[in-house]
């Protein structure tokens, strides 16, 4: 195939960085780990994020959270729809990444389609979850009393290891729909989609800092995700009793809300529901006298 | 154009009659001003009016006579390439620079405004502030921009604030007095309204939003509240009070929005430099650029307009 | 403080030059058929009528008059679509179709705004900044409910009703269309909608969007016509759900006609809302709220604050400020971006308003109008207030549907409340006070479906809207707006 060899074009491979404060830096530690396909070929050198990357992400997330929470539900919904639009436009890229990471083509296509639809689903909740989870309370004194949900603040998240895109989307969307900001540690064995998804987020006018995505080792970072005093809630999706205990013990430092999402099959349609939003919300009740 | 000092009615106002101000309502009214579309001849007229209302300002620790002279030159000759432009209303400088400005502006009908009373913080004794004021007036300032004592105001010592303004007004002599409320430190529109009422009753000729030294400086919201206070004062006493937003107004578009707001709140009588000023430095060049664009149809570059 | 002479000078001096919105990018066909079963078709009897621009009295287009045969055809198409496509579609997919409508409306927003202003007379600023964005937002909001109905009705399963017959008025043509079609589709129903005869164009434009969005044929059908067409539609035996927004007079006759048919219906009718200003209100913002409540959209608003009840101790001040503010309102060409108040929608409506101006004066009221110029051609009414009127005056009791405000004073809270509720209407109300407790007390006691505290005429797709008493039955918007379009089973 000499003639084809002459016409063969050298592809430009992608560098997989991390996503902090709306930008794509490399890990400050300069370390990497190699992602290989089933046959042992190198797919990419991924950033092996450090606790300093996590610390910087928390700062960015905290800074961005207040104004994200103040954005109208309508606006947040528009942004979620946009994320879905952008993901739909990049369908092929994500299917390719899933296949590279070992999925069958059919399964990969299903996963991407379900992820897009799940984003649409949660976009539609932004301006409704308040209506089904709030209450006007009929107290016995002459007061107008109402309970509303407010975002808990900054959420750290250990994304599901075996669901590179759908698991990530299913946990991320309800967090930001509810006005929180977050720091995600991507799947360790299948991290590609998380980084590409960061690109989708950036293209969708998600304000910098609202979502931060790191790649790296659970063994190095879980402790910090769980113990940081300026993180309000932690979501974890894998691991047995040992992991759960470790996370919950560290989280107790600042009474972090601990959300166990282990053992969930994200590809089932019922895996998307509004209680995922409620998990990262606080309830605020206000009283005001009724009288002239 | 010397401004005659108006005799002050130094009767302490009944602050309980100052109306509450709803912020959301103010924002909505402001949004309507901002969606006015000012085009063609009315745009040119507005831009020229903005120019004529500018107090060209330099208030830096690093000001020197050279800098002030250049500012005065700009005040007199805004843009050689476009003859027939109005000149600015005033230059605004620190008291120590007033004499320099007076010399540089000799023979021109441009006012000399000086800040005074330990600008910008106002954190000094009354006697120091009175001396500061007199020094500026003696050096030739025709207008004094004083700062209100925010600390006393926020602590609820309204009589202190009132008396201080009245005393400074007296020290001004023939010069007219602008009282800077420093709205960015007052926090709420309710307080802006109250401070406006206090200042007007104490003898201010003008009420002014800000020193320009902190954020936020002038906003359309605080300006609207102050204009409404002026209107109520006018209906109550038949006296006109001027208004000056200062700081943060650097685009012609925003300047025109302020004029829309002025026109629709106080009407024609206030639409002159005698009753409305912009405290600004870079606004002038943006207005000039827009004027040239209006007459040539071509978008301009800052390179063609002098930066003094 | 006695009412001062109007001392501020708003006339002359620096004035705004015309700032016309460009119309060269919009497309209006010379003639429109009926949009039935996914395409534009000729009306059975071949009859058309003109739609004009009320600001210039010029013809914009000709639209079809749907006869009984056309109504039958449209309902049949909706029924077929319900049975074969829409009614069987997965809810999430329905949602995505509705989302498409919303998105395309946003893309074509400016064209819709211009056509809305041309056809109905409302200022471009209103159609551009309020009507069209809100209409798109309604579609976005309800798109999201399509696959979430299980959460909207605890303990109940929600199912569609079938075919909805909907008739909408001329005051917010595109927005009223969105209020009707979006929830109906989200809940799985199909639709036949008739826009008002003086404002059909944006509905016909939306038909283009429906087609572009790829909705299966027959899911949405748009038929044009006047009263007879509307009656034929709402009384059609194969329509399961009736929705009507319009006058109380017509609403009454519809409810009568539906008696015994078993059809579900919602009626959104007239109002004569009281806007109540207390002495402890933020007065300047209250004045703005009064103006917003009655003068914008030319007062063609069912929930308009058409009665001002102002506490006597601040009445003079409020009225003086109101008069000043009225002087800065610009009445004129709806396509001028500076116009605040556009044209009256039709000669019939203008005649009705003018008759009330006469009645008000004959009843002993003192009429005051702003002094602005109005154009020579077209239908115009200057902002008007009546003082010296009372509960027994016709201008206080009856809905005028124009920029005419009836002003009364009150002394006490109880008096204000009593006057506010003393009406067969109960659509909306406004209360202006800085005191929170008073707000909650009054919102509890005002018999109206929407109460605005320290604001007025605020709408949102998430917020339910509808009346008490003769202002109608049922709610549109929000979670509660879903009720109208479902039947609830175990």
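Labels for the chains are A, B and C, by order of writing; each one numbers its residues from 1.
Just so we're on the same page, contacts are C-beta pairs under 8 Å (C-beta built on N, C-alpha and C of every residue); 3 or more make two chains touch, one makes a residue touch a chain.
Every value quoted in this text rests on a predicted model; they were computed, and no experiment measured them.
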Worksheet item: Most remote chain relative to subunit A, going by C-alpha centroids?
Response: B
Fill in: Highest-count interface - the chain pair sharing the most C-beta contacts
B-C
Worksheet item: Closest chain to the protein CA centroid?
Response: C
Worksheet item: Between subunit B and subunit C, what's the gap in Å when you average each chain's C-alpha atoms?
Response: 44
Worksheet item: Measuring from the mean C-alpha position of subunit A to the mean C-alpha position of subunit B, what distance in angstrom results?
Response: 50
Worksheet item: When the C-alpha atoms of subunit A and subunit C are each averaged to a single point, how far apart are the two points in Å?
Response: 41
Discussion item. Quick check: what residues of subunit A touch more than one other chain, meaning two or more?
Written reply: none
Response to the item:
So, in the complex, the side of subunit B touching subunit C is made of residues 19-22, 24-26, 28-29, 35-43, 45-46, 49, 228, 231, 234-236, 259, 263-264, 266-269, 271
Discussion item. Looking at the complex, which residues from subunit A come into contact with subunit C?
Written reply: 73-74, 77-78, 81, 117, 120-121, 123-128, 131-132, 144, 274, 288-292
Discussion item. Please output the residues of subunit C touching subunit A within their complex, sorted ascending.
Written reply: 92, 95-96, 99, 103, 137, 140-141, 143-148, 151-152, 413, 436-438, 440-441, 444, 461-462, 478-479
Discussion item. Could you list, by residue number, the parts of subunit C that touch subunit B in their complex?
Written reply: 1, 4, 7-19, 125, 129, 280-286, 288-289, 292, 320, 328, 337-338, 434, 454-455
